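Two complexes follow with chain A in common, the first pairing it with chain B and the second with chain C.
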Partner chain A sequence: MELEVKRDRLVLRAGGGKWEWHIEPRYWRNPLIYVSILIIAPVVVYFVYPSLLATVIDANLLAAIAIPLALMSIGTGRMNFGPQFYIGIGGYAAALLSIHFGLNPALTLIAAALAGIVFGFIMSPLSIIAGGLYYSLLTLLLPLLFLEVTFIFSDLFKGDTGLSGIAPLVSTGSFSLNLLIYAFISLAMMLFYLFIIDKIFRSRYAVQMAAINDDEEVANGIGVNVNKTKIISFIIPAMMVAIVGWFYAHYYGAFSGQTYLPLSFMLKVFMVTMIGGRTQIYGCIIGGYFIAFLEMILIRTTGGMSPVLFPVILLALLLVLPEGLFGLYRKHHYREYMPTLRFRR
Partner chain B sequence: MLVAIETTLIYTFLLGSLYLLVSLGFSLICGVLRIFHLGYAYIFTATIYFTWMFMSLFGWGLIPSIAAMLVIQAGIAIAIYKGLIVRYIKREEIIILGLLFVAIILEQSALRFYPIQAGVYLETTMVPGLSKIGQVTVSNQLIFAAILGIVVTGLFVLFFLKTKLGLAVRAISYDIYSSRLMGIQVERVFMFIMVLVLIPVILATLAIAPIWAVEPSMGWGYMIIAILVSVLGGLGNIRGTIIASYIIGFCNSVVGFVIAQPLYMGLSALIVVLIMLIVRPQGIAKSETVW
Partner chain C sequence: MAEILKVTNISKHFGGLTAVNDVSFSINEGETVGLMGPNGAGKTTLVNMICGSYGADSGKIEFMGKDITKLPPWKRCKLGICRTYQIPRPFPELTALASVVVSALHGKDRPNRSLEDASTEATHYLEFVGLFSKRNILARDLTLFEMRGLELARALATEPKLIFIDEVMAGLNPVEAEKAVRLIERAKDQFGVTVLWIEHVMAVLMRAAERVIVLHYGEKIAEGSPQEVANNPLVIESYLGKSENA
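Entry: the complex of A and B
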């Protein structure tokens, strides 16, 4: 094992492997500042305006759904219009096991992740057999039909009222402190997803995904295992989104398909990716916070008109900012290549 | 057994024809404009609620209200085409999300101003009463809607086959670039199609308004049927759409009326479509042209 200190990086050589870590400030200064702001913000909110913590948690969770969705979209070269299907899978797995079998959140987390993997695996062939148009339509239908199933098997899923009595993840006795802890857990989950997917996007797998995204036949011709890459980039995000569903179930202590499975929730997730910056993973955080706070402000200021005004504002933003908020930043700070979605017909 | 067969045949005809009317517009937009009109659901809601708005707000009669609704619907379709589709033709994700937002904005507006308890109801019954066909009793209005479906589809097919404009639409659906070279004004034809597809949807909505539930989110259910039919038939091909409508109609009539499990109708249709996609990914007919 050999550790070499270079001007801008540490290089570790062990066996036949080589690992590098950037130590030059320009590589870690900005991420450190942004992550510090995200960590400090809930603490400030806790002392100043605790009820805003719920919005912070919502923002983190929206970003935590949008970040894996970016990986899925780029890796499969198709837009999945039903990411909320996996929220339902994870949420119902956690809720049912917690209520009927009394499993603790650690065990339901494993179950939700497994459910996400299994359903992701079952659905992943869609990304191979169905072309762009068909794939988008079918993925759009899946959550709506799952919602229908929750009504058909109402005894089990309680489609009309939702499942309640799920063991909470945190129980300190103080509502505000609970929210603060939930905010940190959701933030940790979102940052973990960001870290993992950022690593994937900087690896050689990202080049394969970008090739698939550009042209599947060419990617196949240059030796990329298209089907394998697609299936992996379908299953991993499905599992990640299912874990967000698990969090929703234990955070609220209740889970209802009517909240997460309809198109309105899907649109919120999509606007996080679009307002953030067209499947840019860093933009998902900006998008998540923007959408969550915009919705909260509209509900508090316009009351009953907010369900109308919210989509109106989002539509206007979609048309005014086609590259999203992060696109404005990247326009002036373009550094490295990151694959973005190329929507194919 | 005989009753089951009779029920299946009758409801396959009724539901299939109605699904055809509901799906024709969606399929046409997919075939000609090559986009997903995921805002398709708004047409159903707008038909009912704009008509009701003119009737309740201005005290107009049914026919003038329907005429005014038609004008507004055409205006919205042109605005969508010019403001969204033309501007973002190369950014399909923006078109799809934008169309979905249009549908949600109209749905939420309808819900805000005319909530379910407002009791919105359109008396558009053309043939009142019930008929007994063999052992099966069905609403006359449903039979009327089914016949309307066949007639409208027939007229659409005739239009595409026998008129110059229909030929232009077929040419565009086959190859847009060659059509431009042949002097077809593609943008105008697109706009025409955007308005034309309103006709079957509006007729279907008005025909079923007196017999089926009317509420602001009604369009989503019909849009799901349209998507399933279009995917099964091969996006944009009318022949495929016709066959697929009756396949879904058959599936739903067996599940809903013979097995008597109406809650499973949507699920069973999706399973049929998924199986079909595995066996024949391009759908029943290849979506190379509208006919």
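Entry: the complex of A and C
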């Protein structure tokens, strides 16, 4: 066996065979490399430090919320500040059906997705009638209103304590193994969302979304059905985020609006999108892992300081890294077409 | 020549201001019609109503015999109406090619058109307006003249039957203006579009238009050949004002 390092490749000769691996930077962008790292990481963590798997799951779920949010932002041309509303919808749909009707996770998954679609459809006209700051404020208020509803109808939603006794998704008997399986399910969900939305962003629909983003009136004038595009790109992410809510409910076996609906959770999701680069789907993964691990470190080192430190970090990022990490890369590679959101001030 | 657009008694009010009042006219297929009038005459409002950006308060708009008064802009575009803007409105974050691809994908119904088909066709329109070499430049980085060319390419890519050219000369130097006029004339010949040309510059319409409609304070005050309109006392008065001694 012989390993030879050339300028742009590694050449491995073994027996009669020859294998080449290109090491030029342009080949590093191969997504398979990063997907492999994401798949191998939980296995390594499982053997080295199993309790860290919970952070990996958190990271995957944060990215799984931020990725559909990017689609919603680009498709509607507006920033939704209340994606956690759909987590609440999906989570409560799964929790209530599992507890009161004994439905298994497969059935509650369908119910959560349907609930996401229905509520997404009901709320989608917001993206047509409201714009800019008004849209942001309305979407910001929705989860808070829902939180109030869970307190008002406390008999049903158990607003103060949360619903518990939800059937778990996995039960192998080993806590660590359960976590590993949950990590893979959350990773599969996140990668599936990434794959679907990446396909959308490389399709003809992306060009019309980008046009809507830049100038709705002109897009409408050249034949783009703006309202239809907005409604569809509102409903699909709503359903995807509702499914993340379903996962939260079955993962913890309990679901409380107080955990997911307040602004603190929105802030976390918002930071994921800011660090990765707003509306950059690949950046969401970087952002998800960064925030999940940062939160874990802050909780372990500063205790209850994270609610204070998070907004401070966010403000600092807004100042020094407005484009996000992936946005910086995109800025210099705009020819590789990928729609981005242009914020209306 | 068949009638392509018929506007009947159309009016538009913004609060107490009457922007367009009871205007009627028609355009025949293959014609180049000029629409002129002083600032604030209601030219752009009229075009906005025909394209669907504004709803008409009263009156009727028919395109190829079909009532389109209540149709949304995108449906009007699919029927064959498209426009350019007085102040260029490119898609700033899209490359020149992607901007035209949007039109090539939408606009007139073309079943089974893929993104690749649309990209190929978009390059054809970019080449026509002389922007092929700038296809990968972001639209916001183009010069004013190039933006106007891009707008024309974007409009032509929808395969329109009737195109509205809104004050294409604004902000262009004489050389660029001459190029723009020739470009529109070539577009008319090559793609067989009917043109409604809104313009301030009288000399351009005298040369390019077959018929001219003049608006003043939202009302149609004259219609006829460029020569007739140029000699019309009402038109002269609307542009130059009324002499105290007259």
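As a working rule, the second predicted complex is superposed on the first by the 307 of 345 C-alpha atoms of A that agree within 3 Å, B and C clash if a C-alpha of one lies under 4 Å from a C-alpha of the other, contacts with A are read in each partner's own complex, and residues count from 1 in each chain.
In the analysis below, contacts are C-beta pairs under 8 Å (C-beta built on N, C-alpha and C of every residue); 3 or more make two chains touch, one makes a residue touch a chain.
Treat the numbers as computed from the prediction; the structure is a model and nothing was measured.
Set side by side, chain B and chain C differ in how many residues of chain A they touch, and the one touching more is B. Touch criterion not met for A:Ala188: it reaches neither chain B nor chain C. When the two structures are aligned on the shared chain, A:Val218 is found in touch with chain C, with no touch to chain B. Of the two partner chains placed by the overlay, only chain B lies in contact with A:Ile129; chain C stays clear of it.
Judged by the touch definition given at the top, the superposed model places A:Val43 against neither chain B nor chain C. By the touch criterion defined above, A:Leu319 reaches chain B but does not reach chain C. Touch criterion met: A:Ser203 reaches chain C, while chain B stays clear of it.
Using the contact criterion defined above for the overlaid structures, shared-chain residue A:Val149 touches chain B, although it does not reach chain C. Shared-chain residue A:Ile110: touches no atom of chain B or chain C. Of the two partner chains placed around the shared chain by superposition, neither chain B nor chain C is touched by A:Val11. For the contact definition in use here, the chain B contact set and the chain C contact set of chain A share no residue. Those residues of chain A that touch chain B in the shared complex are 79, 81, 129-131, 133-134, 136-138, 140-141, 144-145, 148-149, 151-152, 263-264, 267, 270-271, 274, 278, 304-305, 307-308, 311-312, 314-315, 318-319, 322, 341, 343, 345.
Per the touch definition, chain C reaches chain A in the complex via residues 51-53, 72-74, 77-78, 82-83, 85, 89, 91-95, 98-99, 101-103, 105-108, 114-115, 118, 136, 138, 154-155, 157-158.
Across the interface of their complex, chain A is touched by residues 30, 34, 36, 38, 84, 87-88, 91-94, 96-98, 100-102, 104-105, 108-109, 111-112, 220, 224, 227-228, 230-231, 235, 263-264, 266-267, 270, 273-274, 277-278, 281, 283 of chain B. The touching residues of chain A, when paired with chain C in their complex, are 203-204, 207-208, 210-211, 213-215, 217-226, 334-335, 337, 339-340, 342.
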